[in-house]
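Below are two complexes that have subunit A in common, paired first with subunit B and then with subunit C.
Showing the complex of A and B:
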């Protein structure tokens, strides 16, 4: 009964979404409050039903009900409870159900907490949200139904892909989806503004928390995914410029640009049309990511043919929403009123620069990801665009952006003074140069660019600190006054500090890891030992162990530094008989923010094990950076104050640039 | 029945969600935000910042001017307050929620769902009597047991022939190997193992299978199955005389009542008589009614056609493998070797195909 009730709940959610996508628009047209309010109750009910459907599927997985095809294909009765639950979204159908559940969750949040929105704007936003939801409910029910039953159920399931049997699956996909889908709200707000034909600074105030929330989750989701790949895949890499990763990076870049341009719009009523366009683009890239990952087009263009209905359906959704919203944009954007004015050198100007670099970077990732696909479709040639391409295009774009980051917050609104800002950044520059000199003196090997890159990262961090120091007039007034000003500083300013500093921290991690990473690969027998980066690893031996649904070859290494034992590491290899595959469980040991990393390769007949040992200096900073950024976002989100961009009054009449 | 009751309750809840705001009139409409509120809050914010000294007095007054301008603009264009209730459209929506929603939901659900099928959680199913379970379920149970007790040789010995019968040949190979490891070596088991290895290779006695048969014969020189397959291996290697000798030896040693006697006799007659090779691929039914000479000609024709096709287009790795196998089965080792060399040359430009070819040749028992 639970299986069928869950199925029916999903159908009811679709029916409610269809009502929610039409009735409020009718209400807005007739200016009838009750009809517009239907959007609210139906959004809440829709979330309730799709939530019930998700809970039902989870229940079926937990009780190993193999009369449900999805459970049979992806579960196993001996799997630990945690993986039975996470396995719900460790497959195509279940993950799409999670996707729409989160979509409905955001709709319900707008319905529940959108009291500060004008009635017709809320009705429009929820209607657009319901269009997206309807399309995806149909997609699930028609092509990827998780509630399909088997008449004569088998006694045992086929088990979840062993690589996914990890705590990472519990965290990474929900986070990433909260980010991906969260941008649907800014998309809905943009479409609603275009439909209504009204767009002003208040709009940016209303959409701010939703964009910020989506951005925080996407940041954490990407960082978590990267860390998961790092420890689970056993290659010690943390970013592969893999198309799936790029698919999540593109909305992040566009979303970051959106956050900044929405800031200009809220504070200065400028960049309105551009902000709307970015809202559309960000969610379109999220949809594109969903399409790339879910249609199977990524592994090869030909995998598309294995299940054409799915790929074609998502492609159709993609075309309708991206094409539709861009046409709406082309039709209505010219009618939007011009916003505030500003000089090229000003806070607004610096944010425009930020947007230019971020969107260009996003475009290079887009080209690098889709060009091989397009080429394969057109000519049948298979090429792979990898790290060298991205290092040569994405890298150089990031350098000027990072140099510009500390300048932005120091420039005044409307018209800024670059020389004054530079003077205030001298301290940061000096610290950065010192860092370059120290790193240069300290290291004897590695790329010559590395110390410069670290200097740049230090400049970004110091610049973020200088900004706050300037605002609270640190060292210029009495400490008591500075403290009072610090207390009065909006939390969003602290948010900026953390987010920008996080960028620098991540960069330090990336540079150190890629430049001074040491690696040692050897076939080792029990009793052998290896030396890597001053640490000695002694292979003590291997034992076999039986896990709940796998057998495990557990090896033990004693690690010592300068002859002093500092602990043991136990990398292992797990063999899953149901799927006939095995996974490598790498062992990690943190030394400060650096890590030692051991993973096992093939096992030879004579008992020798191929072992990869890495020493990864400062590697943890790569993920501390994004966590800091997310913390900054959270601080900014918690700041419910209004944002005001106080413009600097002109001293002398000067020609102003139009905003758009 | 419970299920339909639950469906009815859910549908009622969904319809209620649509009806509820329709009945509440326009009091709810007052609870809405306006742009003016945002700008007024912004003005208050400027005052607070100016007081704290976070922005200078000049900037503060400029900001106030800007925000006031926006406030004025928003007042001009403030959205018109909702008008009195539109009874007609509201009734239409209410009617749709009451009738259209259930109809729509059922119209979508009924073709997709299986309302007559109950939940079947595993714990409930495990209590069912075992005889009602199909063979697959029993196999799964034994496999689950062996997963936990991989050294139970008897279990493997029981499971292996069942797996072989259900067509899970690679699993059967593994099961026989485990049975030999944990339940002891025997000529019979070695012969059975060799048989499934050969079956998994599509009937070709690979080197791997052959060595199992040889071990079986070492353990028991009179092991019928192993001897029979060794004969077959000799024939496939292009030594029909050795095959005939092996089989004749079997017939001489065995009693008259050996159950396999007729089959071996038939095989012996085949290699000694028309030197009739097996059909390389399919067409067996068509060949059934032909005379040996006709059949031989037909096969020769098919093989020649395949060879000619591959000369023109050498990309077809499967085709090459088929050709090599056909020559082997026909006992023509020279031609098989020739085809092998030709195949290597044809696909040498493509590393992937070459690997595929070598793997295939290895499976046929030829060196890779």
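Showing the complex of A and C:
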């Protein structure tokens, strides 16, 4: 009954989406406010119904109703409650339902908080949202219905893939989808602007918070996914340049570019056409990511076998939306008026440079991800493009971008003074050179480029600090005045500081981890000990334990540094009875921002356990960086300028709340 | 500067960056891509020793031998040809005899595949896509790799096989 209700709610959501995708447009054409307002109520109702559908599936999972195929295949009655809930989106059908739920959530947010939007713009935006929603409802209902019943219900389910039985599944996919799908808003705004043929600085002001919100979630989602892979897969790797990872990185790069170009449009009314194009491209890349992951076309460590009808359906959605929006762009973009003038050396110029490098880097990732696929289709040759390719292409493109990052905020709008900006960055440059010298002197091994890369990271961080120090006239006036200035600084300036500094912090972590990571692999028997990077690991022994839906071999290692015990680490190996598969649960111990990492391999008949021990210096910075960036985004989002200021609000403007 | 000159500067700058990027991509594509082969393809094409490639196939039952110092040797077969593989390190959780495997490395002079990476990111029902395709092409595909659930009313959607399948 619940399953049928959930299915029916989804059908109703589709019906509402179809209404929402047509009636408001008709209203805009006839200039009929009542018809345009249909978009608002239908967006809210649509969210209600798809939400009900999602709750229904969650209920089926929680109550272990194995008469539903989706539950049978991905759940088990003994599974802990948390994984019963997260298991809802730990499979294809459920994750697509989550996708459309989030899409509807964003539509509802625009409907609820978009009171200051011009009526016809809101009608257009919500109509475009509804087109996307309709396509994906159809996809779910036709090829991936999560509510299919089994004729003879089995007593027990087949359990969720053990690797997915982790807290990471609770956080990572929803975050990532909030990011992916959040970019649909800027896409809809872009399509609406093209349909209306009207585009001004106010448009950018409306779009920017939504883009920023999506960007924050995507940043956190990617970082979370990376950390999850790091501790769950047991290889100690945090980024594999896997197609599925690239699929999330591409919208992030394009979205970051969009964030910056929207700034130019908002402030200077320039780069309009480019901003529109980026909005379209960013969401197109999100759709591409959905296609790559959901159709199973790519061979990857995230390999996902599905039947081809789904792939073809998503490919069709992809073609219609990307092709359609680009055609619309080609047709209408010339109608948009040219924006303000600016010199190449200016804030605008530096943001253009940022966009240039980000989109080019995005293009190289695109080539590396899709080239193997294209080659296989064309010639039948199977190749894999791995980390070496991306290190040789993406890496070099990031270097000039990172060098340019500190200059951007120091240049004035319209016409900047590069020499003055350089003079102000002298302090940052000196700090960076000092960092290079110190790292050079202290380290004994590793690539010669590593100290330089750290110098670059320090330059980015110091440059970000210099920008704020200049604005509050630190050390040039009395501290009290500086403090007052700091308090009066717009939050977006602090946002820039954190976001740019986060980039440098992440880079330090990446360089340190890849260059000075120590690894030790050995077969150890109880009583054996191993020394890695000055730490001593003593294998105390192994015990068997019974978990809720698995058996676990728990090993205990005593860790000591300089003869002083600092704690115990307990990596384990879990065998899941239902699926007959096993997972390795690595043990982590943080020492400052560095980590010790132990993961287990095979267990020999004589009781020896193969053990992989890592010391990963500064590894946590890799994820602190993105967290800082997201914090910067949040500060920027809370800036007063973004909340109010859209011209002539219909009612008292309300705050845009990030979706929790 | 006039509007035209400014535009030229912009377009010129963009052109330079794009050209550099194209150069980087072409260079990287020449040096760092890895081809996929099955043992049969290796036997037919006489792959040179030292050239990196990915080897895919099924781990031959009874062929896995463990030596000292985490040395492992096993044979990979595609039904037509068999290739011995040597590997040092920890095999993935899902590595089993009779299961699909993908290894990356190169041939040594004796014709043994020296693997530095072994991927077996799949579960009991799922074969690595490349391996499945290659086996199908050669007519050795066994349907029992994919068992259907009882009375399923729709096509069996194979479950996620690796971490972050929902990414």
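Couple of notes before you dig in:
Methods note: the second predicted complex is superposed on the first by the 634 of 660 C-alpha atoms of A that agree within 3 Å, B and C clash if a C-alpha of one lies under 4 Å from a C-alpha of the other, contacts with A are read in each partner's own complex, and residues count from 1 in each chain.
In the analysis below, a contact is a pair of C-beta atoms (placed from the backbone, for glycine too) under 8 Å apart; a residue touches a chain by one contact, two chains touch by 3 or more.
From a predicted model like this one, the values you see are computed outputs, not experimental measurements.
Using the contact criterion defined above for the overlaid structures, shared-chain residue A:561 touches neither subunit B nor subunit C, since it reaches no partner. Of the two partner chains placed by the overlay, neither subunit B nor subunit C lies in contact with A:171.
In the superposed model, A:154 lies in contact with both subunit B and subunit C. When the two complexes are overlaid on their common chain A, residue A:328 makes contact with neither subunit B nor subunit C. Touch criterion met: A:601 reaches subunit C, while subunit B stays clear of it. Residue contacts after overlaying the shared chain place A:119 against subunit B, while subunit C stays out of touching range. After overlaying the two complexes on the shared chain, residue contacts for A:315 are found with neither subunit B nor subunit C. Where the contact sets of subunit A with subunit B and with subunit C meet, they give residues 145, 149, 151-152, 154. Residues 1, 3, 6, 9-10, 13-14, 17-18, 20-21, 24-25, 27-29, 31-36, 54, 66, 69-70, 89-91, 93-94, 104, 119, 121-124, 126, 128-130, 133, 149-155, 157-167 of subunit C are the ones that touch subunit A when the two sit in their complex. Put simply, subunit B touches subunit A in their complex at residues 2-3, 6-7, 10-11, 13-14, 17-18, 20-26, 28-29, 31-35, 37-39, 41-42, 44-46, 49, 52-55, 58-63, 66-67, 70, 73-74, 77, 79-80, 82-83, 85-86, 89-90, 93, 96-97, 101, 104-105, 108-109, 112-115, 117-123, 125, 133-134, 136-137, 140-141, 143-144, 147-148, 150. Taken together, the subunit A residues at the contact with subunit C in this complex read 69, 72-74, 89-93, 95, 144-145, 148-152, 154, 158, 160-161, 163-164, 168-169, 172-173, 176, 225, 228-229, 232-234, 244-245, 247-248, 293, 296, 299-307, 341-344, 352-353, 356-357, 360-361, 363-364, 367-368, 371-372, 381-386, 388-389, 392-393, 396-397, 521-523, 573, 579-584, 599, 601-602, 604, 610, 612. Taken together, the subunit A residues at the contact with subunit B in this complex read 1-5, 7-9, 11-12, 14-16, 18-19, 23, 26-27, 30-38, 40-42, 44-45, 48-49, 60, 63-67, 77-78, 115-120, 122, 141, 145, 147, 149, 151-156, 198, 200-202, 205-206, 268-269, 340, 412-414, 471, 484-485, 488-489, 546, 549, 551, 577, 641-649.
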